[in-house]
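Shared between the two complexes below is subunit A, which has subunit B as its partner in the first and subunit C in the second.
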Partner chain A sequence: MEFDLWAQLPSVLPEIGLTALAIVVLFADCYGSQATRRNVVYISAVSMALLALVPLIWLPDPALYENGALLWGGMVNYDPLAQIFKVMLLLGGAVTCVLAAGDKGVGDKGEFYLIVIVATLGGMMMSSASDLILVFVALETLSIPLYMLASFRRGDQRSAESGMKYFLYGAFASAIMLFGFSLLYGFTGTTNLAAIADSMNSLGDGLVAVMAALVMVVLGFGFKIGAVPFHFWTPDVYEGAPTPVTAFVSVSSKAASFALLLRFMTAVFPADLVIAGVVIQDFWINLLVVISIISMSLGNIVALRQTNIKRLLAYSSIAQAGYTLIGVAALQGENPDLAVASVSFYMFMYIFTNLLVFGGAILFIAKTDSEEISDLAGLNRRSPWLALFMTIGLLSLGGIPPTAGFFGKFFLFQAAVNANLVGLALIAVTNAIIALYYYLVVIKVMYVDVGPDDDVAIGIPRVYGWSLGITALVVILLGTIIVTPIYNWATLGAAGL
Partner chain B sequence: MNAIGTEPYIILSMVLFLMGALGVLIRRNAILLFMSVELMLNSANLALVAFAREWGQVDGHVFVFFVMTVAAAEVAIGLALIVNIFRERQSINIDDLQQMRG
Partner chain C sequence: MEATGFSILTAIISIPLIAGVVILFLDGKNRDLVRGVGITAASAVLALSLAVFFGYDNFVKTSGGLVEQQMSMLAAGGQLSGTQMFADALAFEQRVIWVESLGIAYHVGVDGVSAPMVLLTGMVAVAGVLISWNITDRLREFMAFFMFLVAGVFGVFIAVDLFMLFFFYELAIFPMYLLIAGWGWVKLREYAAMKLTLYILVGSVFALVGAVAMYFVAGSYFSGPGAEVLQAAIASGILPADSGAYSWSIVQLTLAAENGAYAIDILGIEGLSFAKFWFPFMFMGFGVLAGVFPFHNWSPDGHVAAPTAVSMIHAGVLMKVGAFAALRAGVQLLAEGADAHLPWMVFLTLINVVYGALIAFRQRDFKYVIGFSSVSHMGLVSMGWATMNLTGMTGAGIQMFSHGAMTALFFGVVGMVYDRAHTRDIPSLGGFMKVMPWVGIAFVIGGLTSMGMPGLSGFIAEFPIFQGMWAASEQITLQLGIFELSNYYSVLVIISALGIVITAAYVLRVAGQVFFGEFDAARFHDVGNIEMTDRIVLIILGAPLIILGLYPPIMAPMIESGIRPLIALLGGG
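Entry: the complex of A and B
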């Protein structure tokens, strides 16, 4: 095959741009003047937002992905699914940069933005990877910067502890996943995701090895998305890490992992893979259904008794991972397109929703130095806008119209029902009602309760307020008028799988 | 040349992997824990190289080079984190990492 650089270049254009940005930020921070260094945050945020336009506008030519053509020697998938997740990750990174800007000890250090950019780069490679080698390298390019970010606040015991825990558990999980990869390679003699499935099908035995590899890979993914029983790191890391980092970990690592999970499961363990009479797909669907049910239930029930806002959001994010897994499990039906679209849409709206809630929490924690929910009392009188933004975010997490969360859950449940997973959908609805309780409690505390500092106003810095406002607007728009175009775009993503 | 088949290598790599995994679960010293994780990574490397020989390909070898590079980066970060926690706590016993609970 002749190598055509100009045809292949667009598939990695955002990554190239991001790498250039990382170098620029590194040098601007090292050698720039005081003024330049202060502007590193805007350079990073604006460039990432602009780079997001590239995959947004430049959709790949269907001729490229419909027959499963891979670029760069079979390493990179250039299909709409990868493009959708790249847009999400870039926007998530851009918003994170702005939200971190005012945080003392975090946002005033230029290297913070550099590490965020590199982590985003890893996430983008994950969303388009189609080879075990690239999957592993991308996964670590995302994870290693996140370990650094979690312990970013110097001289803070909780931050140090959070980074250490995240690192030890994370390295353990990726070592297990790597061993699963080595089994897959040993069994099939190829590292290309699509070729692995073909090779396993033609071999037709070795059930135990395939199952072992499958379980190891699911364990790795379960860790990255924070699903039960691999969730134990989540609350501690979320609580201890600096809040902007928590926001970033909760959206970017999760979105990239779901993109890869969708691709990995459909490519390596497809529906027609039958080994020794066992349909492999049934096995992993059942596995994911169980993980999804316990994640939702445990996350929501433990969240009920949390008093720390960051821990509450940690358990809420475990539950949200459970909901999203419903969409992955729905891949089993006649209509996998619906499943892919629902997961993509859910992640798209989840990024904005979670960044909005965390954005509110970051400012509150920075101004009051308290993470207790009870201290949010009277927030409506202290800063009406902040209370409003957080309310929109919490309602969206709870799935109340007219916010984006409603349609996110609606599409997931629709996909589940279409895939004959009615029972799972019912459990999820019950869980959504439980979850609504603790989200509404926080809103009640902000609007009804009276606190000791009721008359002490909380000022919102201008840029910060605008970015929160725009995020809130996107959350509302995603629940009203731009639902259809975004969902149609997400449906396109299924085409390449 | 192929006097030893692939199976012994795979069995060895599985033994190493289990030793590493047990080490992570049993050890309480952060550095020993970290060494156990590295042992797991290297057991996967051994399996990859053995499989590559079995298939007569270089893909597995290439994979191993990337894994080694990543592991080196992980060592750099991991040791920095351990130094960081030692400065804060004067201890690297992970049972002492209990400030957050609930």
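Entry: the complex of A and C
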């Protein structure tokens, strides 16, 4: 095929823009004046928000993605799935920048924004990668900046410990995943995801080896999304890392990993892959169902006992990963559109929801220097808006209308029922109730309990308040009137898989 | 009826929603402004719900109206289409596509069962705002959450889309949690609020999974064997022209039910049809909120712990939301399951009636008496559903309205007494008739209603329920293994009539001890009469009890017209 630059450029345009932005931020931080350096946060945030428009302007070409045509020498697949995840990652990055702005020791350092930009770049590459090499490069482009971020407060022991833990676990998981990739390459002699499936289909035997590769890959993904039993890093890293970093880790890495998980599983281990009479899809679906159930249950039950807000959110995020895996497991249904759409929509709303909750937590922790849930007592009196924003976020995590979480959970359950996973759906709704308990406890503490500093008002800086307010509004809108366009968009995502 | 443009019902949901948001943005210190916005919104909603009620009344009763249509259909005989009757009965409809690819629509409308409920909600909304007039602690948040609660409750009653029903159902629960936990009775509120929320949500999410399953079964039916049924329904105007095979419309799901889409066997078990399997989930899932035994446990604690306005809306309206949703999503959509399960579930409702009354009799706390009496009276509603005939179900429909107004009145009375006497311990109260004659009279009216005194609405409600039970007794049998139980409904009526006697006993006991007897002037020296706002509350809630009692045709034909489609769906004549 003739190489047509203009046809292929849109697929990586936001990535190019982000790379340029990284360079600009780097120079502005190193050589800029005092005022420029202060404004790095706005440069980053606004540029990322604007870059989120790029995939909306240069749309994926249906003629290409519906035929499985790849771009850039078979490295990149630009389809609606990649598009929606790129947009959400960029928006997530932009919101993270604003939320970090006031944080001492984090937001006042220019390199923080640089690292966030590079990590987002990695996440975006993950969402469109269609080659083992690029998959791994993208994974590491996302992961390594996150290790750095976790230990960003160098002087703080907890932060350093958190970074070290994250790095050790992450390096371990990456190595195993890479070993799985090498097995896949070994059987098939190709690194292209779709081609791997084709040549495995003609393999005829080697079931054990393929299974081994599959398990290793799932393990790597399990680590990235923080699912049980690969979750051990989550609470410690969440607790130790600076709060804006925790917010970023909890959304971006998870969203990008789910995008890749959807693409990887459907491309490499599709439904028609049968080796030695064993349908490989059945195996990994069952594996994901089991991981999903234990992630939800363990995450929620352990979260019940937490007294630290960041640890609570860490366990809640483990449970949320479990819910989202329901959508991936539902790929086995007759109608994978519903499954793909449910995962995309869930991640879309999860980014805003979690950033909203963490945004509230960042401000609270910065002002009071406490991470204990009991110290949130009387927040409604101290700062009614902050309490309201956090409440909206927590309700969305709990899946209560009119917030986005209600639709997010509903789409997942619907996909599960459609895929004949009614049992899984029932376990999930039971879990949703358990989860609601601890979210409600936090809300109760904010609205009902009386704290010692009840009269000390907590002020919200203006820009911060606006960005929280807009995020809260997005969470409400996603649960009411803009649910249709976003869901329809998410439904398109299946077309390219 | 055709889906039309803007509906008055949309205004009814959006006014409290908008008012709630506006109140959140007001200055919390300016209490008069907050109250003003609150009472304006509530009064507007009451006026609109009166318009809906009487508009629907007119729609039912005019010559050529709904009743005459139904009568001529009945007279024509033959197989009646329940779906057709249900679709014809809907009025004030508005339909806007929400999530097109999934067949979710914002679709509102009222029928004969929901129109009185809309009126009831409007009444309790105004009463709730008025009785919270003197709240000083974070009035702004209180009023805003109360408005959200009211909007959620309205949404459930007027939903013609099953998804929307769930949406509003869960929307109502959260503000209720905060209202109870934040403004309730200090000793109990956190425990009670959490208990209530979890109970109700557990029920509703299980029902939600059932509803999703129902949606897919109906969808695959309409895209396969039932495609012609769908086309015929669209052609005859029962369904809008843009209806897809997969839809959450209650009309369309009812159509699937009537054509046997839910009769398929599931789990590979012979005789276990889809409808039979999911009916307990749907009926009990919502029945939790109606206080059906053994899931009634949240209710007394919840009512007692809640601030007065919330107790009123909670016992008065929300329990009806549960009973109503159980009827809509359970009995109407899974009629085959209702036929199979209600004959044994009726025993649970009997326990509600008798056991609730017995416990109420034993309480020392004034508010607990009312809380358990709600459990007892709501049992009568479920018992009415279980008769599965026109008389009994109509009685249950009237009971929903009657009990709603009555129990809201009771909680209002308790609140007024407690606010002034600072105790609810029955033995230590006494002689309050002297200082609060209005409250005493209101209690007596409510009490007489609750024991079914002719001339008050309780009689109009309870008598048909019992009559329906007798009538059903001949028809319904219950197969228990090799035993067959027949004619047992009549026995149940006799036992449940006992519940009425116990009701009379506890009402008289409370009236005697609290409002008559010795007045402890030394202890209650600062207890004075009630204010104007409180009087309005008593009138708004008390007057309908008398009006309905003296002139039942104001509501009975309407509810009958709403029940007839259900009877056709249940396979009765």
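As a working rule, the second predicted complex is superposed on the first by the 496 of 497 C-alpha atoms of A that agree within 3 Å, B and C clash if a C-alpha of one lies under 4 Å from a C-alpha of the other, contacts with A are read in each partner's own complex, and residues count from 1 in each chain.
As a working rule, a contact is a pair of C-beta atoms (placed from the backbone, for glycine too) under 8 Å apart; a residue touches a chain by one contact, two chains touch by 3 or more.
Predicted model, so just to flag it, every value in this text is computed and none were measured.
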(request) Return first, second, both or neither, reflecting whether A:Val429 touches subunit B, subunit C, both chains, or no partner chain. (result) second
(message) After the superposition on A, what does A:Gly163 contact: first (subunit B), second (subunit C), both or neither?
(response) first
(message) One more residue to check, A:Phe179. First (subunit B), second (subunit C), both or neither?
(response) first
(request) Could you look at A:Tyr346 and tell me whether it touches subunit B, subunit C, both or neither (first, second, both, neither)? (result) neither
(message) Between subunit B and subunit C, whom does A:Pro384 touch in the aligned arrangement: first, second, both, or neither?
(response) second
(message) Just to be sure I read the superposition right, which of the two partners does A:Tyr113 touch: subunit B = first, subunit C = second, or both, or neither?
(response) neither
(message) I'd like to know which partner A:Phe136 touches here: subunit B for first, subunit C for second, both or neither.
(response) first
(message) Just checking: does A:Asn418 make contact with subunit B only, subunit C only, both, or neither of them? Give me first, second, both or neither.
(response) second
(request) Would you mind listing the overlap between the subunit B footprint and the subunit C footprint on subunit A? (result) none
(request) Enumerate the contact residues on subunit C facing subunit A in the complex. (result) 24, 28, 97-102, 138, 141, 163, 167-168, 170-171, 173-174, 177-178, 181-182, 189-190, 193-194, 197-198, 201-202, 205-206, 208-209, 212-213, 215-216
(request) Can you check the complex and tell me which residues of subunit A touch subunit B? (result) 132-133, 136-137, 140, 144, 147-148, 151, 155, 157-158, 160-165, 167-168, 171-172, 175-176, 178-179, 181-183, 185-186, 189-191, 235-236, 239-240, 306-308, 311
(message) If we count contacts the way the header does, which residues on subunit A are in touch with subunit C in the complex?
(response) 380-381, 384, 388, 395, 400-402, 406, 410, 413-414, 417-418, 422, 425-426, 429-430, 432-433, 436-437, 440-441, 443-444, 447-448, 483-484, 487-488, 491
(request) Would you mind writing out the residues of subunit B in touch with subunit A in their complex? (result) 10, 13, 17, 20-21, 24, 30, 33-34, 37, 40-41, 43-45, 47-48, 50-51, 54-55, 57, 59-60, 62-63, 66-67, 70, 73-74, 77-78, 81-82, 84-85, 87-89, 94, 97, 99-100, 102
